[in-house]
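What follows is a set of structures to go through.
Both complexes below contain chain A, partnered by chain B and then by chain C.
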Partner chain A sequence: QFYKLLLGVSGISVEKNITLDSATRIELSCRLDDKHFHFKSVQVTWKRGNETIRHINKTENSWSIQLTILDNSKLGSYNCTLKGEQELSAVFHLQVPKIEGKEKAIVSYEGDTAVMICKSSGHTPIAWTWYMTNGSEQIAINDSLLADKYAINRMSANVTHLKISKLTKEDGGVYWCEAAFELGKSKGKLKLKVLSIMVPLKPFLAIVVEAVILVAIVFLCEMYSKKRAKRA
Partner chain B sequence: MQTKDSNPPDGGYGWVVVVSAFMVMGLTAAVLKTFGLFFVEIQQHFDELASTTSWITSITIAIFHLGAPIASSLCVRYTHRAVVITGGLLAFSGMALGFLGLSMVWMYATTGFLQGLGISFSWTPAISIVSHYFSKKRALANAIASAGECAFAFTFGPFFQWLISQYGWKGALLIIGGIQLNICVCGVLMRPLASSCLLESSHSETETPPGNGASRTDKEDKSPITHKTFNWMLVRRPEFVLYAIFGILAAMSFFVPPLFLVPLSYSLGIDESWTASLLSILAMVDFAGRLLCGWYANLHVTKTVHLLTMTITLISTSLMLLPLANNYLCLAIFTGFYGFFFGTTVAVHITVLADVVGMPDFDSALGLFMLIRSTGGFVGPPLAGLIVDMAGDYRAGFYMAGATLVLSAGFLVTLDQLQQRKQRGSQTKTKPEKSALPYPSLHLLKLQ
Partner chain C sequence: SFPGERKEEELEAPAGGKSPGAKAAAGGWAWGVVLHFFLVNVLVMGMLKTFGIFFVAFQEEVGGSSEQVSWIGSIMSSLRFLGAPLVAVVCRKLGERPTSVIGAGLVAGGCLLSTQATSVPFLCASMGLLLGMGFACLYQAAAVMTAKRCRTRLAFSNAIARSGMGLTFLIAPFTQLLLDFYGWQGTLLIFGGIMLNLVPSSMLLRAVSTQPPRHSSAKNPDHGSSMAKEDSETLDGCLDETTPREIQLCSAQDLPTTEGAMTPHGRDVSDLANTSASEGFEKPPVDGGSPGIAKRSYTSLPPTKKENSQPLLDFSPLKDPVFGIFTWSFLFSHLAYFVPIFHLVARARTLGISSMDASYLVSVAGITETVSQLLSGWVADQNWTKKYHYHVAYLVLGGVTNLLCPLATTFPLLMTYAVAFAVFCGGFMALVLPVLVDLVGVQNLHSYLGFAAFFAGLAAIGGPPLAGWLYDYTQTYVCSFLFAGACALISPISFFFEPSAQKWKLKKANL
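Our next item is the complex of A and B:
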């Protein structure tokens, strides 16, 4: 696969995010925008961190490198720098697919069942693992061990569900869903909040009492004004 | 018949009724509009498809429309107050039981059926009683009451989201149910008028009107004495039929723009937050339009039918121009126009119904009108969707809505011509009747 970045105005960083889930060969290319720049002599360096990459293929106005990505170690940010009259640079970020958790907490009640969903956009993971946070530790959830409490279902290729039954207050907290790809792992964060039934019941009862009181007041006012009208 | 219509309060306690109706509008229609926020939560909890979950709202809307004539006939038999209180209790129970969330079918029965029935039993009498309490200031009163829907919808959006984030969707449903119990409070405030329908029906057989019937031949119904039951004879009246057809066509077009505004906006490249602001603009100008139209109609400068025809024409113009927008500013301006004229139409169309059928039949007419109009509401969105799919562009939906409205305006014009012709005809009739005054009053009835 071929990825290209166009270098134009200096000072503005040009970046590209590339998501890879399985072993592949890719070619990254940096091209000089010939509308803006005509450098007489150009020095190009490709780097990943501190490591310089030697084999650069040069064509008319572009410089590219070829990479074979087999595992996690080859992922990262690849930087190409063009030095001429000005210095221009571009960065390619090679990453595993990101898993999105949920920003908002999932609110559920004691004794109820909660379903937590994780999706991987576009790329299919090899496996999913769920973790719950206990203090600062992350503990993997074993659904065969506690089958009546936890159930992990792979609903489709890219979606996983964690179903927690008979919720208690202790079940609340941060959960992680981890997707394993050939090239690495990626995590998504979810929050679960477990409330007791009393929590919404209090405002509910308050409002009901308020409504009943208002109805009573209106009725009494009306009966009173009717009595006054009758007397008058 | 005359005792009630010749002496509506037109103020005083009537304004309390208007405020109470304003609240009922908000607690019913606005809740229905904002229910979409629960959609994703419920869908994920029960692990169902989006289409299966959307049935909840479909059931609510269907029961709302089907329940309207039932609510109207109950109003005629019992008082408006009783029906609104019943509606409040039903809506409250629907939401509160929805808190238990046992299954999807349970949600259909509670937040779908019970809620729909409750909303129907609260909304219909509330709209109706405002018209009963006012005659000269009816347009203004109706407009203020209907503005409640916009005002509440504007605040319920963020409020419901906050409730869901604090208490989860189940707790939020419970609390909203409690809030809907206040519909009963509003209902208690809706004092029945001293000269109610029940009194009329017992009097009209024995008493004869004191001879001033000549002046209001058209508005007074020649309907049979049976006020206690639902008046089906309305379908025989050409004015009502014309207005009902107008209602169907208008309903077909009304549900379309809100549906396609968001996708059209996305297709123009406008992002989520700006699109959401378009909806807020719509709500705000809707509110302004309703109040302004009510105030203007109250001046009695133009006939309400003429006013309605004008507003419909203006909406259809905005809808035809809306597809020309290609950036946010143009879209916002046209949306503003559309929302404003939509508000004016909603504010005045119930008043026109009252003017078309007259007050004695108004309750039945309202229920029947809502029922007939619902067919337009069911046909409109799928038809528009079909047209959009065929044309491959969301703009086609707006053109369809605009065209349907122009067609509906045609029916309004026909209705107006018919009414004018009848008025001219009755004016020539009143001359011989005036000379009949010295004759016994029973003879007068025969001439009428």
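Our next item is the complex of A and C:
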């Protein structure tokens, strides 16, 4: 697979995110935009962190590197820097697929059942694991151990469900769903909020009381006007 | 009969002094009815519009495909119209106030029951069915009561009440806030409570007080007390600042209705019989012509007898050509109203307008529509010409605007179209109820409104899929606007037949 970035204006850093889920061979290439720049002498460096990588001068204005990604250690940010009259650079970010959690908390009630859903976009993970946060620790959820409380279902290749039954206040908090890919793991964050039934019940009862008071007022007004008419 | 007549003559003078006070009280309650109708519009339309926000929450938690969940919304909004004939029957039997309270109870109960929902069919029944029928009850009772109470300023009051729909845009962010805090179950619980507020406002729907000195078909004033018990609600209005003697008269005039079934709107029947005898006669001259009044009340006797043998489910509107005229126009004008609303934003997007600007279009159109409703109602109430002339004018102009819409290809032009369309839409929407009242009168309003709403419901169900099909077939939104324009132009055609239909009716009645 072949990825290319065009080096243009100095000062602005050009970036590209590349998502990889399995072992593959890729080629990253930096090209100088010859409409805008003609440098007399050019010095190109490809780096990952502090480590310099040997590159190939493919054409007059492009330089590329070829990588074989077999495991997590080869992922990261690859940087190509061009030094001429000006300094231009571009970065390739090689990553495992991101898992989207939910930004908004899932609200559920005590005694109820909550379903937490994690999706992986596009890439199929090898395995899913769910973690619960206890203080600062992350504890894996074992659904065979506590079968009547937790149930983990793989609904489809890219979707996993965690079902928590008989919710209590302690079940609230942050949950993580972790997808394992060939090249590494990726986590998504979900929040669960467990409320007691009293919480919405209080405003509800307040509104009901207010409605009853209004009914009483209207009723009293009617009785009053009837009495006034009878007296008159 | 003669003693009764003489009693009426005696009471004319003091009644003349009392009637401004009674009128003021009646005016106060009329505003109460308008307030209730306003609240109904806000809450009902708000609930219907925010269903889309619940949609997502339901899909995630209760499960079910997108199509299944959208059935709930369809049932809810279509039952609001389709349930109207049934509600009309209930209204005529029980009276508006109990029906409205039942409606509010249904809605609140539906909301509360839905919090326990575990599957989509459950929600269909609890939310769709109960809420839909509740909305129908509320709407029908409020609309008819407004027509009965606000005789002189019906169009303006109707417009004020309808402007409640303009406030519904506030409900969406409010719902989202509640959903974030309490989850969908808590939100439904709180909505149930809010809907319970419609119970006290339904209590404002006191039965209509007809002005006592006008009617006397008093045969036997002694029967007055027994009548009073059966018909206490309709008497309430009468009792506003009336003398005990007038109470007897009020109850006594119900006597002719005992020949047939005793219905709460029996008094309205005699009321209308009098008004039809003297066209458009809203505030009777209390001092003049009391013998004349007595004579008119005698001629009202035979019609009241006939009227009270009406069956409970009244299909007579379907045989009435005036109803046909109205429904034809109503159906097509509703189609013309719904379709552009659905496709305005989409059309703006296809023209390359950003979604922020497109939502400006919608908000501006909404505000313009509300303002134009109020203006149109006020203008119509000035009675410079018959109300349906305005209605026809708005429809024709709206149709022309829609036909010109395909020419709007830039944002300013589209904004002009949206404003113009909103002005004409607001205009004709505000006049729907007043025009119906003008055509058929207040007495039969329940059955007519019920069936008219039923047909509007058919249009509401058919409208969106039809619009979608049009788009799929032609791959452009231009067609939907042309279709809407054509509908809007077809709909006023039926009004050209109105004078001849009225003549036909009179001939039939005289035969």
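By definition in this document, the second predicted complex is superposed on the first by the 230 of 232 C-alpha atoms of A that agree within 3 Å, B and C clash if a C-alpha of one lies under 4 Å from a C-alpha of the other, contacts with A are read in each partner's own complex, and residues count from 1 in each chain.
The criterion applied here is as follows: a residue touches a chain if its C-beta (ideal position, glycine included) is under 8 Å from a C-beta of that chain, and two chains touch if they have at least 3 such contacts.
Predicted model only: the values in this text are computed from it and were never measured.
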| item | value |
| --- | --- |
| Partners on chain A (chain B, chain C) - clash or fit | clash |
| Touched partner set for A:147, first chain B, second chain C, both or neither | neither |
| First (chain B), second (chain C), both or neither touched by A:126 | neither |
| Contacts of A:214 with chain B and chain C, given as first, second, both or neither | both |
| Contacts of A:159 with chain B and chain C, given as first, second, both or neither | neither |
| Touching partner for A:229 - first (chain B), second (chain C), both, neither | second |
| Overlap of chain C and chain B interfaces on chain A (superposed complexes) | 104-109, 115, 117, 195, 199-201, 203-205, 207-208, 210-211, 214-215, 218-219, 222 |
| Residues of chain B that touch chain A when the two form their complex | 44-45, 47, 96, 99, 164-172, 174-175, 177-179, 181-182, 184-185, 188-189, 191 |
| Complex contact set, residues of chain C against chain A | 25, 60-61, 179-183, 185-187, 189-190, 192-194, 196-197, 199-201, 203-204, 206, 236, 239-244 |
| Interface residues, chain A side, partner chain C - complex | 104-109, 115, 117, 195, 199-201, 203-205, 207-208, 210-211, 214-215, 217-219, 222, 225-226, 228-230, 232 |
| Chain B-facing residues of chain A, complex | 104-109, 112, 115, 117, 161, 193, 195, 199-201, 203-205, 207-208, 210-211, 214-215, 218-219, 222 |
